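For clarity, chains are labelled A, B, C, D, E and F in written order, and residue numbers in each chain start from 1.
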Amino acid sequence: MRFEEAYSGNVFIKSHPNLEESQVVIYGMPMDWTVSFRPGSRFGPAKIREVSLGLEEYSPYMDRELEEVKFYDAGDIPLPFGNPQKSIDMIENYVDNILEAGKFPLGLGGEHLVSWPIFKALHKKYDDFAIIHIDAHADLRVEYEGEPLSHSTPIRKACELIGPENVYSFGIRSGMKEEFQYAKESGMYMAKFDVAEPLKEVLPELSGRNVYVTIDIDVLDPAHAPGTGTAEAGGISSKELLEAIMLIAKSEVNVIGADLVEVAPIYDHSEQTPIAASKFIREMLLGWVK
Amino acid sequence: MRFEEAYSGNVFIKSHPNLEESQVVIYGMPMDWTVSFRPGSRFGPAKIREVSLGLEEYSPYMDRELEEVKFYDAGDIPLPFGNPQKSIDMIENYVDNILEAGKFPLGLGGEHLVSWPIFKALHKKYDDFAIIHIDAHADLRVEYEGEPLSHSTPIRKACELIGPENVYSFGIRSGMKEEFQYAKESGMYMAKFDVAEPLKEVLPELSGRNVYVTIDIDVLDPAHAPGTGTAEAGGISSKELLEAIMLIAKSEVNVIGADLVEVAPIYDHSEQTPIAASKFIREMLLGWVK
Amino acid sequence: MRFEEAYSGNVFIKSHPNLEESQVVIYGMPMDWTVSFRPGSRFGPAKIREVSLGLEEYSPYMDRELEEVKFYDAGDIPLPFGNPQKSIDMIENYVDNILEAGKFPLGLGGEHLVSWPIFKALHKKYDDFAIIHIDAHADLRVEYEGEPLSHSTPIRKACELIGPENVYSFGIRSGMKEEFQYAKESGMYMAKFDVAEPLKEVLPELSGRNVYVTIDIDVLDPAHAPGTGTAEAGGISSKELLEAIMLIAKSEVNVIGADLVEVAPIYDHSEQTPIAASKFIREMLLGWVK
Amino acid sequence: MRFEEAYSGNVFIKSHPNLEESQVVIYGMPMDWTVSFRPGSRFGPAKIREVSLGLEEYSPYMDRELEEVKFYDAGDIPLPFGNPQKSIDMIENYVDNILEAGKFPLGLGGEHLVSWPIFKALHKKYDDFAIIHIDAHADLRVEYEGEPLSHSTPIRKACELIGPENVYSFGIRSGMKEEFQYAKESGMYMAKFDVAEPLKEVLPELSGRNVYVTIDIDVLDPAHAPGTGTAEAGGISSKELLEAIMLIAKSEVNVIGADLVEVAPIYDHSEQTPIAASKFIREMLLGWVK
Amino acid sequence: MRFEEAYSGNVFIKSHPNLEESQVVIYGMPMDWTVSFRPGSRFGPAKIREVSLGLEEYSPYMDRELEEVKFYDAGDIPLPFGNPQKSIDMIENYVDNILEAGKFPLGLGGEHLVSWPIFKALHKKYDDFAIIHIDAHADLRVEYEGEPLSHSTPIRKACELIGPENVYSFGIRSGMKEEFQYAKESGMYMAKFDVAEPLKEVLPELSGRNVYVTIDIDVLDPAHAPGTGTAEAGGISSKELLEAIMLIAKSEVNVIGADLVEVAPIYDHSEQTPIAASKFIREMLLGWVK
Amino acid sequence: MRFEEAYSGNVFIKSHPNLEESQVVIYGMPMDWTVSFRPGSRFGPAKIREVSLGLEEYSPYMDRELEEVKFYDAGDIPLPFGNPQKSIDMIENYVDNILEAGKFPLGLGGEHLVSWPIFKALHKKYDDFAIIHIDAHADLRVEYEGEPLSHSTPIRKACELIGPENVYSFGIRSGMKEEFQYAKESGMYMAKFDVAEPLKEVLPELSGRNVYVTIDIDVLDPAHAPGTGTAEAGGISSKELLEAIMLIAKSEVNVIGADLVEVAPIYDHSEQTPIAASKFIREMLLGWVK
């Protein structure tokens, strides 16, 4: 499948009409079949696009406008309902294509398992890269009730793929005892509860490196992101997440791709979650794509 | 797995404490991973039990009380998230056990694919049985976008298993052209749009036969059942569905099991869908279990 | 425009500013403390008034306009939270005053127990009157889990006060076995499931009599009235309830008062329940007050 | 403005990619600034398109598939917020273009005032045509609180433009006394409360004539269409509206265009209103475009 | 109890019955026709009044009770639907009257355009005054898609009317590039993102001056105010807004009037936005009216 | 009544199957009949249990797992609807039994009045104990509109029972003037607005004492807990409440029991309030039961 074919209509505001001329490809991964609690993130990408129409094109945070970054919203990958293995293969293949074309992949989830095939595709292209993981959940399980393909496992798989010393987690406030033990013993970095302060400490040591950033919207407190499947009290504010995006933008790391996952619109009738997500996407575009 | 182990707390009102002494086993199938539109029916069984607390134990329709039928609510089968094949195998095995114990299986969905393994289990026990299928959708697809395990296929599979001449569909108002053609040409029975009137015509010819009844809540108009994944305008009222349950109760068919599927609570904030579903379950217990 | 004129207040649309000149007193009874399932009907009266602003003043059913009936909306009686006995006493006293002033009492509930003190006040004034009771529930319990003051008891109390032969129930589809037995054996009239057809049969025998009408909004199917505490599937449509109101209006009975109870706005985000209720109130005013 | 420019992404399922080859143009009119009660119908067209993805392409009512009718969804006309006069002028001009191109205009509202400029455009093209108006409200006001441009006036304006004898209203259950008097005295046709039965009577006399059909979604009971601004209890079911669409499809009238207005998604969290509306649009396409 | 006493009305809690004796006039401006995204603020004033019933009359922030300030809630100005120019003229005329009577105008919006005619009325009365503007949006546009009367323009108009050096904006986090450039170059004051800290710096320089304060509820993060039309992530908490109100109360500025706008109740089912707004109004009354 | 009998199905995750072997008894008090504003907290305990299924069993805050504390969830006490006095008596008797059995009582409300009978039961067992009260409201009224049994009175009653010098309130931001005066003059401790900072100051002086902790969920800002009856803007975040629970856990006080009250699920469709509450219960179990 070529990714032009996935086009489904609805696009992120100011999406460039031409793929070839674009630096960035925005693509949706409408998958939620392995989630263990409340499904619905399959509609996240479409809703983020829909409410992006209410966004200003200018960011007072980055002092930059959307027209300064050429991005092409390729729509959703048509993932097969209820088939995680095939979905993962399709995503990996899709991101292979984006990387081959020299574009910056900016993915919209969907459940967090979608990041796993992206890591695999990146691993084929880059000798060496690090992952910044911003999330309420450790996602370090080996399996979930017997299923190795689960939304609770992608960061563990990442550690095994690129080495735990290249994985940096922030904001973590939920997981099994074994996950926190693994974090301590494996050599990965994990900051519990907070994001901005520990980022300030860690970013200097990542200077000059290629970094992929994966953000699970549930790192926000449910007050700021009620529209997600596994809400977890005690999270950060959207103001702190905006600060984190700015910190990365102003650092010396070289962002090579990013995703934002787990927006599940049905649990949020005020639409504040997808509205916030669309703003984060704007900031990621303006701050991380040079 | 023995089904005693699946017990999870929350039970249908007046559930009997003892399995052995019960005629009926109520069991939940919290699965929604192959649905093509809006997920959420995994929470249907739990919600139906929860709101059953508001039910009267007496039915003025059947002039009978819940204590006159001994039923055991065994809770939900712990189906593995995102794994349709394994889920189906577990359901089939589970219903095998119920049938072997000589109990009446009364299943709560979950998506409609859950009926397929039930049909298979029944087929092993009964030489000959018919299916009454009450639904908005034909569910006669061979596959859905390449996936043979889909919530759009169980009735087609049933036709292939027990012969289309033993399958009777009612209330159908949605499907592909091919599905309606198959219905016409295969020899199965299909009543479009209505349920009660065609049932009156068909029930006499089913007299004395073993019959399994599968009800998809979306046969109701979305006015009466907003809490479902694939709402389809132009359906019947809950009054007509109650009449249909009574018609079967008063007929000469021998009901050997039943299910009620596709209640997705998240789309219905007034809870009218699970409240109605719990009433239908009460009527099925009082009318169909002699 | 002077700004004094902009004052709106929260009263039923076209409420007359002067009590003395009015034929009717509309009054709210914001009480829900004895309900056994979902509370919230305390906000029913205020919401019915609020959405009455969207009503047309003319009724094409009655071919009459609101200005043809002088009614005064007196607001809510300030009932003491959590004190059923005192609340009931206050309502009785309040309706005594209305009747003494020669006005037509039109009450807004609140839970159905509020009708009991109204019956008592009427009984002091009228030697002989009948009750038309339109409801999903029989409300014929002697007590509810030990509490004689319960929203499940007012019609039983009415039977004991004015004699069961003067009580006519319509639309009943829920209750305990004992309640249906009492209905059969006591000599009261009860029509199960339907309203309009049985009304046509019964109204002639009520010709010339004084009749009080109490309507529980849950006689409607939850499709038509999701905003109520004890929703019960299988009800009538709002079209049938409008027809019932018209049948009474065109009959020879002398309506001496009425109430509409159990609107609980919180369960209905579309506000269709209070919107429908405000229309029923308009029709009751135009059809029943001569 | 040429209408190609209004394209906004999101399109009705199976929209043809090419305008020139299409028989029908679907266009949205996202305007709600003159509504007197609850706004929000500006989001109706986008939502109807969005949920159309859940539609089957085949209709068992018409026994026809969407690919048999070529239609082009041109997106929403970019109407200026808060400027009714300019909005109306833009719509008239837009429909002029559609008619000039020989296409069938199928409009999505928006408030009902949007039909007024369509009537004007049709009047320039057709010497003689009739209007079938299906609605809860008479919409026969001369003005609304001093404003002649109001969602309560389009049918009155139509009567004045093409003669009341060419206007046929169905399902009307709300309006001022003056509106019902005008209906009686002017020579227009008005059926109160019902749609299908009176249509059966009237359609023969419209045989062979050019007819434009305007449907206000609030003709449905709020049970079937909670997502609308001015809900009015006592309406018809979606089953009856589907029957009405079929009656027109099977009659001898020549439908020259149509619209469906007043879907306001925010009041309907279950999305049943836009889901029903998208089905009606499918039936209108398959039944009315030959 | 006589039933006349039960009359409640829909006014802000503790509204004084007599206009002449009051220092303050509360008035609603139910207008939302020029908003570019989600309408619904027309119902803001009524909802704020309704939920004010849940407020305590005493403020532990100001250590003062509502009875210490005499205010008269005059209800909503009956603005004509869909006519911005006439609406603006009516508001200006209305505020002229309040000012002429020597009262403090406390306005409830409605969209933010309603502040523009208030500025004009104040300008006629006061030679010299400053504006404190607390908002997520700069509102500095010259026009919005060609319409000069838009909810995105009032602060620009204010700058032109009273001089940009008299306009102080706080909390701004959204706007076009041109708006931020204008803010920098024009000489007005603009604090991005925060409110309380910059207020502490600026208030001393406003000592002794007449100041009008306009608060757009969307300065709050959507977590704290989901019920608004143009939600913008990254805002302040309600605790910070309460602090800002206290800072102004304790400063040496002379507050000559105020408004609170853009509460749109339909997007907030928990009612937290109007509940918060009613508390802010109480604090404004107790803190700003001496 | 023995508390084993109150068992109703649905239990908190990891509830121990055996009462005798447990250190803690979790019990629900489904009562909301004296609340003055929005009812619904009767469903709080059931909902907190239901969503506890989504909790991790490990706490990264306490570094402890649920299996390290044996607790038995005894279900809800079957309180009589609308009868506050009898409800209170039943709760007192119930807690007497828990204390007699030497278990730690962990109660789930229900309205805050439920804490009053708990205080009485503790007073019989302990010569000397203190109360930590975390709440938005002072709850120091003598009566509420004439009713001494009200959700606004329990802390006043506590002061009278065990002496005001043993009562410590935190986070208070709402009440009558008289309540704040009583707080000042009586000798009790009250921290306005904040919780964590004042706790740090006060906990040392409580070292070694027996302390009962009662938490009203409305101490959280409505952003963090929309699902409560009397929402009050300007509250603390769930992060701060988690910190407060940890401060108590790490202090030298001896917690002898606790409750969490006023969760009213109906006002919170995202379920963030009961989800947060279930996490607080986990932390209270892991932090306060040694």
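Just so we're on the same page, a residue touches a chain if its C-beta (ideal position, glycine included) is under 8 Å from a C-beta of that chain, and two chains touch if they have at least 3 such contacts.
Here's who's who by UniProt: A, B, C, D, E, F = Agmatinase.
Just so we're clear, the structure is a prediction, and the values are computed from it rather than from any experiment.
Touching subunit A (Agmatinase) and subunit D (Agmatinase) at once are the following chains: B, E. Set against the C-alpha centre of subunit C (Agmatinase), every other chain centre is closer than that of A.
Distance between subunit B (Agmatinase) and subunit E (Agmatinase), defined via averaged C-alpha coordinates, is recorded as 55 Å.
Taking each chain's centre as the average of its CA atoms, subunit C (Agmatinase) and subunit E (Agmatinase) sit 41 Å apart. Counting only residues that touch two or more partner chains, subunit D (Agmatinase) has 38, 221, 223-224, 267, 269.
Going by the touch rule set out above, the chain pairs that meet are A-B, A-D, A-E, A-F, B-C, B-D, B-F, C-D, C-E, C-F, D-E, E-F. Taken together, the subunit A (Agmatinase) residues at the contact with subunit D (Agmatinase) in this complex read 9-11, 46, 49-50, 269. Across the complex, subunit F (Agmatinase) meets subunit C (Agmatinase) through its residues 32-36, 38-40, 42-43, 78, 80-84, 144-147, 149-150, 266-267.
Those residues of subunit C (Agmatinase) that touch subunit B (Agmatinase) in the shared complex are 37-38, 172-177, 180, 192-193, 221-224, 226-227, 230-235, 267-269. The residues of subunit A (Agmatinase) lying in touch with subunit E (Agmatinase) in their complex are 53-54, 56-58, 60-61, 63, 65, 221, 223-224, 237-239, 242, 269-272, 275-276, 279-280. Taken together, the subunit C (Agmatinase) residues at the contact with subunit E (Agmatinase) in this complex read 1-4, 6-11, 19, 25, 27, 46, 50, 74-78, 90, 93-94, 97-98, 269.
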